[in-house]
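You will see two complexes here that share subunit A, one where it goes with subunit B and one where it goes with subunit C.
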Partner chain A sequence: MRKCLQRTGFVARAMIAGTLLVAVSSGVNAQQPSNAEIKIDNFIFGPATLTVAAGTTVTWINRDDIPHKVASTDEVFKSKALDTDDKFSYTFSKAGTYPYFCSLHPKMTGKVVVQ
Partner chain B sequence: MNDGFLETGATRSTDLVLLLEIAMGVGLLIGAVFARKRRFRLHAWCQSIIVVLNLAVVVLVMVPSFHVNVLPKIPVKLGKAYYALAAAHAALGSVAEIGALYILLAAGTKILPPKFRLTEYKVWMRSILVLWWIGLLLGLATYGRWYVHR
Partner chain C sequence: MANQKQNDPNSAILDDDGVDRRGFLKCMAWAGTGLVWTMSGGVPVSHSFSKHHAKSSDLNFVQISDSHMGFNKPANPDVVGTLKTAIDQINGLATQPEFLLHTGDISHLSKPEEFDNVDQILKSATAKDIFYVPGEHDLLDDNGKTYLERYGKNTKGAGWYSFDKKGVHFIGLVNVVNLKAGGLASLGHEQLEWMEDDVQHLSPSTPIVVFAHIPLWSIYPEWGWGTDDSAQALAYLKKFGSVTVLNGHIHQIMQKVEGRVTFHTARSTAFPQPEPGKAPSPGPMKVPADQLKSVLGITDVNYVKGKHALAVVDSTLGS
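Presenting the complex of A and B:
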């Protein structure tokens, strides 16, 4: 009976420790900076809507054969003219929706949703 | 959001400038026809208004755009067609506009001292008109390269 209780206690402690370990490690993962990419090609941002976690750095890459400029509609971020294969990055620290467009070709629009 | 109206990727002001420049190019040809018909007063008014209007468009729209979007990239990226076209259009367009202003001053005013006045008006006017149109065609090519989907 005593052995059985000891075994039960050991199992319970192991489960708690395991749970804590998982919780801690998942917490560490959530805080790790992550990256996402948006390609610019043929006058289109792809994906047009990107959903990321707060703290994510989003990089726009111009794969088109003409310059483009990434500009937030709310003036949160703005790139210089990006030539072919040029990149522009911005880290989204706050949750929210960030619509943006190409200031050279305003019909080109996209959106980053930060959760 | 400042979308253009010509169904290309351009902004509204860029589309407007394109149409205005084409109209001015055609207007200069009509002005040349006035001269051929010996209606010199009408010719002078027509060419003068266009040259001054173009100066305003260049100063207010083209120079700021060139300064922000093209100038920082040259001469390093002149190998790229879109910068080469824009630079050639700017260079030739500037020569044509300055030449046209000079003709206006020489022919229409007495500001210039006699030694700076022109004698061969026809040659100068025709040369500037040809330069103007080459600049205009380069401008159309620049618009096509920067704003039209392929």
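Presenting the complex of A and C:
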């Protein structure tokens, strides 16, 4: 009887430990940096509003046949002129709302919401 | 001009505000065929191309725009060739221009070699004097350093300036910097103050030509085709009997007459863009290769002393 209980205890402890391990490793995965993309085409940022977690690196890709320039309205980030297929990346470490526009075609606007 | 109105078969029928809108719309359809427009007291009167050039003018210049040197997409894989065609066409005009005006987007990406290429091609123009204002494509690097190094001599701020030719006062404005999110083009406080001062002591009979890249009137705000603070600039020009505003940026001809101010945009020498709202966006518009030259062009401008207004003639690079 004692042997059974001991074995059960061992199995139970192993299961608990296993569960804890799984839980811990999930937690670790959630904190690894993630990426998101904004496509520029036809004078439009797509998606116009992008919501991401803090720590995400957002990459703008210009698929338009004319250059564009990504500029944060509050001067937080600014790209060089992006010709077709050029990219610009920015890592958003702080939560907040980041409106931006194309400084060549200012009617083009977008927003990154960082949670 | 007034007499012509009565016995000319093309005579204008004026609306209450003195503008012949029907004739104006007819004009826009004919714009590609070298129709001469002479404005007299705000009334557009048309003549045939050859008849006009038989008259002498006191001042003649040509506007080109939007050469986009460095652009190489399907809408035009050879912007070098079409710019050369434009220069050849200018060199072949019956009346040789005294100088050229380039209303911006000289380069496509502000690269030194792009500016170099344009300079090289323009060397073959008979007219040796060339005046520029930048487009947004010309100021892509640090505060337009490359543009100003080449074309910024004797200019102020982002490259604005004025000069006189045969009694006509030319004002080059820059409305493509410090653009605000969601806004249109902008002249800015410093430039407006400079302009007010620049024209203050000129006699009201001085003909004025203003040139800037983005249109100084609201053509299509959804696509950014307008200037937020141009009303202020135009207010400084209220006293003048003749004001001609020459713009580019939209790669097509649009015209408007408002009182004594004539607004006109030029075709590009590189590629056409769609008419307002006729496409999802204002980007380069592809046309069949054999039609490309018919949607690119130059603008010839004539001034005759004593005449109120300048004659603005558009022609395409081919039919």
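List of remarks:
What we mean here is this: the second predicted complex is superposed on the first by the 96 of 115 C-alpha atoms of A that agree within 3 Å, B and C clash if a C-alpha of one lies under 4 Å from a C-alpha of the other, contacts with A are read in each partner's own complex, and residues count from 1 in each chain.
Convention: contacts are C-beta pairs under 8 Å (C-beta built on N, C-alpha and C of every residue); 3 or more make two chains touch, one makes a residue touch a chain.
Note that the structure is predicted; figures quoted are calculated from it, not measured.
Of the two partner chains placed by the overlay, subunit B and subunit C both lie in contact with A:Phe43.
By the touch criterion defined above, A:Ile66 lies against subunit B and subunit C together after alignment on the C-alpha atoms of chain A.
Of the two partners, subunit B and subunit C, it is C that touches more residues of subunit A. Contacts of A:Ala81 after superposition on the shared chain: both subunit B and subunit C are touched.
When the shared chain is aligned, subunit C comes close enough to touch A:Tyr100, but subunit B does not.
Note: residues 42-43, 66-67, 73, 80-81, 83-84, 101, 104-107, 109 of subunit A belong to the subunit B contact set and to the subunit C contact set alike, using the contact criterion stated above.
Interface of subunit B with subunit A (complex): residues 1-4, 9-11, 68-69, 72-73, 77, 80, 82, 145-147, 149-150.
Residues 42-44, 64-67, 69, 71, 73, 80-81, 83-84, 99-101, 103-107, 109 of subunit A are the ones that touch subunit C when the two sit in their complex. Chain contact summary for the complex, subunit C toward subunit A: residues 73-75, 108-110, 136-137, 140-141, 179-184, 221-224, 280-284.
Of all residues in subunit A, only 42-43, 66-67, 73, 80-81, 83-84, 101-102, 104-109 touch subunit B in the complex they form.
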